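In this document, chain identifiers A, B, C and D correspond to the written order of the chains, with residue numbering beginning at 1 in each.
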């Protein structure tokens, strides 16, 4: 098929631009257009359970509200996230925020109580407020639940129900009944707060119960699709869940700047997952090597335009 | 400044999306928004000579028409390109094209006469046609010019004048009087064809004359801006040109997936160029680590929308 | 200081080569030499607790025995690893192995029961044997321990004690009393096996107890050093542990191909950790962008030669 | 074949370590070991013309002497280099040097007359000396040669003959009759100096003559091998040379941190070159994604040890 030259019109919509990229069809632009196609397919098929994996500092970069939006639109059924994205989402839900344009070297920032995440910044004060509020929330949770071992998923649901910020994806997930899994919860400030709480209060976390819950969802799904933003454990966790059912995903989109040659799963092409049976042999999938903060808003904007039209 | 969460509206224009990215302002999305700002500034200031550097297989990926468009809009004053982009642009101008969706491993492709560029393909036939037509064009060029040594820039102008495809950037450049420089012309199929021609016909290429021409442009410019798509010699060539004037660029945008740690110029951050005086100390510049096929169409679409409105 | 040209002698030892790299002192080679220096410093100071973070498919690539070796030499005090590295180490300890040189595309491999990890391969049979043996080990563990909630660290110790392969790092850690932490244990085949076991047998995993154990180690350490191979949650987990003590690491070496611009922690430069107080402001640290399978054996060989001589 | 665990012995030679990497045989370590094998094969076969491509700031990083060494050992028959590596080699040959450990931001460095190349530095004074000395050398070259058009290759030979520093690869090449090609000579400080000279003195550069010379070498070779350090135009130039003969390389080794997905030639896997006929279908080749400053000294040290033993 001929590669069509990309044309830039005036006042182009994001979807128009993505269509031009699809008509060229090659390199990363062609892959982005294909990612939109696959995303639209999996989201518009009611039989497909859509799993979203979140790794990297996506919330500090301003993407948290977009995830909340996708949840409220009904596009996402299950989330697996790093503890950091959850923590930073809750920090914003508590009224704190991330900043930009801060100057100074890292040792200087330390003295001023400012923590750096690439070119985003968050103050020590935000973490102090986080501690106050999250400890209170832990207290509010039914003590029997806490004592007997609560899954991370249920704990996050309890937290989400107590948040007020509509742009929080943790709240949106609780509102919409979308479970959030975080197998490495203790690897986050939220996890450290849970440990702190447990020093003086009854709290057990039952991570095997989380496995139970996510595997059940997988077994009950007719079809399944995965969107991996960044790699990390969310990617593996989503993939292993469908592995255990003996089926494998029908759709998958991966967006990351991680590369294959280190051999780690984060940068592994999705085709590798076919050898494991994590993806079906004929699954519709695309790997896109791109920064999530650029590629995912484009994908979301183009897909939304298509999905709304289809309605 | 607070990082604003990115919001995705319905039927968003590319410019609206870029504005959301700019309001978040961090990570690669924030840099893309800043790149649009700087591009608009340099292009809308009549005192600024805008240099565009082209490296990587941009024409096979379908971006050639976009460069032609930018030239015709008057956004670009000087181009420095790899020989490959020029060759592939002329191939398309001769009516041949690049393909996608071809199957088969590389040894098989060889047998079928198909040459691979990542996931774009071009046939041996295209090169045969290229040879016929370009040899004819060489013949048509005034023999005195050829005999005494012609600069690459003038040679490309002679070629461009003889092309008919409006979407060819080599033709657009000739039409609009935009010089194209290619210091490594012999490192391309076009260069090999020039050599072949020179075996039986008078042809001398005078690369020092090219330096003369580009340096004159630099000296005559009041201000200057650079857009680097990919790294390679086009980046260095543009930077060294302003170095020699003792001034340095006022504006610069760099889009590439090359990284700093190999120490090569392709991935070097633009701040490094300040130490050399290639950029002014107070130059307005941004490095964006992104694939050109995604980032540049967005930049072009957003910038065009702003530039048209401003008029 | 002058950059010395690298000279290659005949029959050079690895240490000699690293010294040449150190005398040039720049680019990645210079950083590798500095990584050796810092590693030697942290390992030879008896007051320093050395934390080793393992992410990426290091065991399938043949590095597992090297970690066992470092543990037995007394160079490492605490390990934080992905579940995958632990699982694959145990697979090898059970007499199964990883293969190379396998041909066939990923869908074909699936049919043949072969799972791909870049260019390493492991058969379904290895996982079947893993299941048999690990289920037996779970059974062997004292039922009281299992019932009341066992930390991952203690569970891995129980497993390690029951392994026989001297080259297993899980066994070496148990032998030498080096704790292995894995906050995302459920995100691995080992975790899935634990869940399977828990369906019919008493088993609770107490991840908050793991936090307790690792934080205690951090509090009891006079000084601390970290070696991050790959990023992932092991990097964050090690860093957050010292964060909570309010001290921060004295030494740190990071080897990864992950880059900063995605904003994720995996590729973040160590200087970023200074702003958080995870590293002391004056910590001796180096970021090395390199593949672990090349850089770490060099580092280990050079360091070992120096450490043995020093004795 | 089983992946052997890498073992670190005491006082290991570089060759021993590379053999361990080869016995594991996977990931980047396995590729490095294979690169050594292929290099040894091509260098030890007297029928093979070995082409070495140099891109990136290899000389500033301290590798220049290593190239000189390889030339004097008879391991390399043809060099294609960026103008920058040639310029910086000559700067060192003139007694100037590159520095490290310099502090200060880029704007500050500008004021102090220091130019930055990642973490290597070179002073304005070095370029002033370079100008004086190179202008004198230009003058010394026979005026008839200069007037009628000299190839870059011959010009570099004239320069090399006039250098005194044994560690200069430009000198070593002249001493040993190894031609150096640089199609983009005008894209370098050396090229700018040539232009400056040509303003007041007779000097024409005949780049088509360079094509003639390199193509003749290719035609006369029985077999051919290529070593690409970095990508850039040297990679393309070497590949296109064998393309024109209709044969293609028998051996090829590529070491770079550039990746395939931008579609540019620098990061393209060598298999892509098979589709073009630049590599023979059955060529023995390896792509290694690694930093040249680490991987090439290892390769050179290991290969040298093997080649000396074989004699």
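In the analysis below, a contact is a pair of C-beta atoms (placed from the backbone, for glycine too) under 8 Å apart; a residue touches a chain by one contact, two chains touch by 3 or more.
No experiment lies behind these values; they were computed from the predicted model shown.
J.: How many steps does it take, at the fewest, to get from chain B to chain D if each step moves to a chain that touches the one before?
T.: So the least number of steps between the two chains is 1.
J.: Select, from A-D and C-D, the pair of chains that is joined by more C-beta pairs in contact.
T.: Between the chain pairs A-D and C-D, C-D carries more contacts.
J.: Counting only C-alpha atoms to place each centre, which chain is farthest from chain D?
T.: Greatest centre separation from chain D goes to chain A.
J.: Among B-D, C-D or B-C, find the interface that matches A-B: by residue number, over half of the contact pairs should be common to both.
T.: C-D
J.: At what distance in angstrom does the C-alpha mean of chain D lie from that of chain A?
T.: 44
J.: Could you please state the distance in Å, as a whole number, between where the Cα atoms of chain A are centred and where those of chain C are centred?
T.: A distance of 26 Å separates the two centres.
J.: From the C-alpha centre of chain C to that of chain D, how far is it in Å?
T.: For chain C versus chain D, the centre distance works out to 36 Å.
J.: Could you tell me which residues belong to chain D and also touch two or more other chains?
T.: In chain D, 26-28, 57, 60-61, 118-120, 257, 259, 261-263, 289, 291, 293 touch at least two other chains.
J.: Graph of touching chains, which shape: line, ring, star, complete, other?
T.: complete
J.: Note which residues of chain C are touching chain D in the complex, please.
T.: 1-15, 17, 20-21, 23-30, 32, 57, 60-66, 69, 92, 97-101, 118-120, 167, 257, 289-291, 293-295, 297-298, 300-301, 304-305, 308
J.: State the interface residues of chain C toward chain B in the complex, per the touch definition above.
T.: Residues 26-28, 259, 261-263, 289 of chain C touch chain B in their complex.
J.: Sort out for me which residues of chain A touch chain C in the complex.
T.: My answer: residues 55-57, 60-61, 82, 84, 105-107, 109-110, 114-120, 149, 183-189, 191-192, 194-195, 198, 203-208, 210-212, 215, 230, 232-233, 236-237, 240, 244, 256-266, 268, 271-277, 281, 291-293.
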